[in-house]
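Here's a structure for you.
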Amino acid sequence: MSELPETTQPTSSPSPADIKRVLEAALLASQDALGTADLRKLFEQDLDHALLRRLLDELREEWSGRGIELVQVASGWRFRTTADMQPYLDRMRNEKPAKYSRAVLETLAIIAYRQPVTRGDIEDIRGVAVSPGIIKALEGRGWIDSVGYREVPGRPALYATTRRFLDDLGLRTLAELPPLAELQKVMEFNDAR
Amino acid sequence: MVAQTVIAGEGDEAVLPHPTARLYGETLEKLPLDLYIPPDALEVFLDAFQGPLDLLLYLIRKANVDILDIPMAPLTAQYLAYVDAMRTHRLELAAEYLLMAAMLLEIKSRMLLPRPPRESGEDVEDPRAELVRRLIEYEQMKAAALALDGIPRIQREHEWVGVQVAERLAEIQPDVSATDLQLAWLALMRRADMTRHHKVSREALSVREFMSGILRRLQEEGDLRFDQLFERNPTAAHMVVNFLAVLELARENLIELLQLEAFAPIYVRTARNDTADVVAEPG
Amino acid sequence: MSELPETTQPTSSPSPADIKRVLEAALLASQDALGTADLRKLFEQDLDHALLRRLLDELREEWSGRGIELVQVASGWRFRTTADMQPYLDRMRNEKPAKYSRAVLETLAIIAYRQPVTRGDIEDIRGVAVSPGIIKALEGRGWIDSVGYREVPGRPALYATTRRFLDDLGLRTLAELPPLAELQKVMEFNDAR
């Protein structure tokens, strides 16, 4: 710890290799893309634009074939992982499954048990407004879709569960969902406790 | 002075009869010259200290005396001189400084007393022991603080590296089980006390599934003949459930059943406002 | 990017060079230090612990002398920029790193070396009141947290340093903290100043 230089003072002009080393470190340490204006701020001396460009191209070349690549995007230059790293990274992170909120689960339950239903129906049963985000999340997941409209003012969409919902839950038909008669028992059981 | 009253409360400890008078006598007599700081510089000087222990350590180190054998009289005098100066220059003085003044005076007075040998014959503890222990521990921590600050750390000597992950990771989707839905529904019913109104049997659930299926088909394929609705039903049980589904859809005004004349084919289509009058009789 | 296989299926065991490439990409792209358990999750096949360790050492070796370095800290392995890059990065970001006051540093030292401690303990050692702002600043930095309460009247919180504190200082364990000065050394240390 004590042997570190206090503050490196770049007295003489850094060599292109030094510059490249700094550029690389700065780009690797940045979450955002860095424009050439940002990159030139790294150096006390004015950095020739053509040289900067050449060094960035060299860096890109040197990194090709690795798990990280240097790319030029709209806002500047950035390193990012290559597409073939994705399966590995997914595997590492696919550990903690998130949980749906109670609102999402209840909405899904209502659609599953009472389909086809409109958002208004769901709100009637839940007693609170259903945010569009909840419906979107379930649609995005491919678990519900709109199967028509109820012919009342506003023509609200009717939602139903999809085949994918059944597949993902490992059910062949909706009838395999826990019947509500059993629910009744569970509830009585809970009340008895 | 405050210090004196504190001491007076100590009970069995000796109380100095005239601490102030004696204090300045001792100051002139024994104070090493290099302990002296011009009063002008006092305020700036005091800002540099973290508290009484810090000030004491400074005085001790400045006087170049052994911390294990602190000459209490000059140290106390010197310390009190600062406290006095601080009190005349500033209205507010941290209580810790006054407490320390009391402690110093107490130690000094105990040092003046002859030490009665204990019954057990052990050495009697030096009255300075506790003060010395605290000074040493504080000095140790001061040094440790400096050493900690010397360790290269993130955001000062280093930055973490973290490049962008190319495509957003496939979003991790929450798991839902049939039991989750059951529990959600249960919670709903408990909350709304809807048990009496929303009894859904196993059969009814199948009916509702078929209802969705029929609506989905009508949406995708347009109007259908009534019999077309049944051509995909492999068993009689399916037929029955499907039929119930059609009736329920009609009852809920979600579909329309149209028959232009007797014995003509019945057509099924999604409900439309403009033809509300031809909707089949709700069951 | 597009010529890459959609989802690489590592059918045969990947070579050590392949593994190293994945390790490097994962470590460069991670926002946190990665432990060996995390790193092993990258691969479908079980990764031999000794091999992993060897490859990490090789990676560290390969990166030495460049603008970033692979370090092992309390929570695992992570890349960071080297100290000599800091003047450049500071220039680009146009910000000076925060300096901590003596009061903050002394409080931190007491918590680090005497943990777990209450605010009262810290005040006893420093001989002055510890302002809540000091504790908050250290908590805000993620360097200390409350690990329980001392069962005395008032139930004061007990503070300890966090893993992040070690990470940020590049340490693996508290044992790597500079040893406390002995009495004699303390005196010499102060005399030398």
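Some observations on this one:
Lettered A, B and C in written order, each chain numbered from 1.
What we mean here is this: a residue touches a chain if its C-beta (ideal position, glycine included) is under 8 Å from a C-beta of that chain, and two chains touch if they have at least 3 such contacts.
Predicted, not measured: the structure shown is a model, and the values here were computed from it.
Pairwise, the chains sharing the most contacting C-beta pairs are A-B. Taking the mean Cα position of each chain as its centre, A sits at the greatest distance from chain C.
Note on chain placement: the centre of chain B and the centre of chain C lie 20 Å apart, centres being C-alpha means.
Chain A and chain B have Cα centroids lying 26 Å from one another. Touching of two or more other chains is recorded for residues 1, 28-29, 68, 79-83, 85-86, 89 of chain C. Listed for chain B are residues 150-152, 157, 159-166, each touching two or more other chains.
Interface of chain A with chain B (complex): residues 1-2, 4, 27-29, 31, 68, 78-83, 85-86, 89-90, 93-94, 96-100, 102, 105-106, 108-110, 112-116, 125-127, 141, 145, 147-151, 158, 160-161, 168-171, 173-184, 186-187, 190.
Put simply, chain B touches chain C in their complex at residues 50-54, 57, 61, 67, 94, 96, 100, 134, 136-166. Against chain A, the residues of chain C that register as touching in their complex are 1, 4-5, 7-9, 21-22, 24-26, 28-29, 34, 38-39, 41-44, 66-68, 79-89, 91-92, 94.
Note for the complex: chain B touches chain A at residues 150-152, 157, 159-167, 169-170, 172-192, 194-195, 198-203, 205-206, 208-209, 211-212, 215-216, 218-219, 253-254, 270-273, 276.
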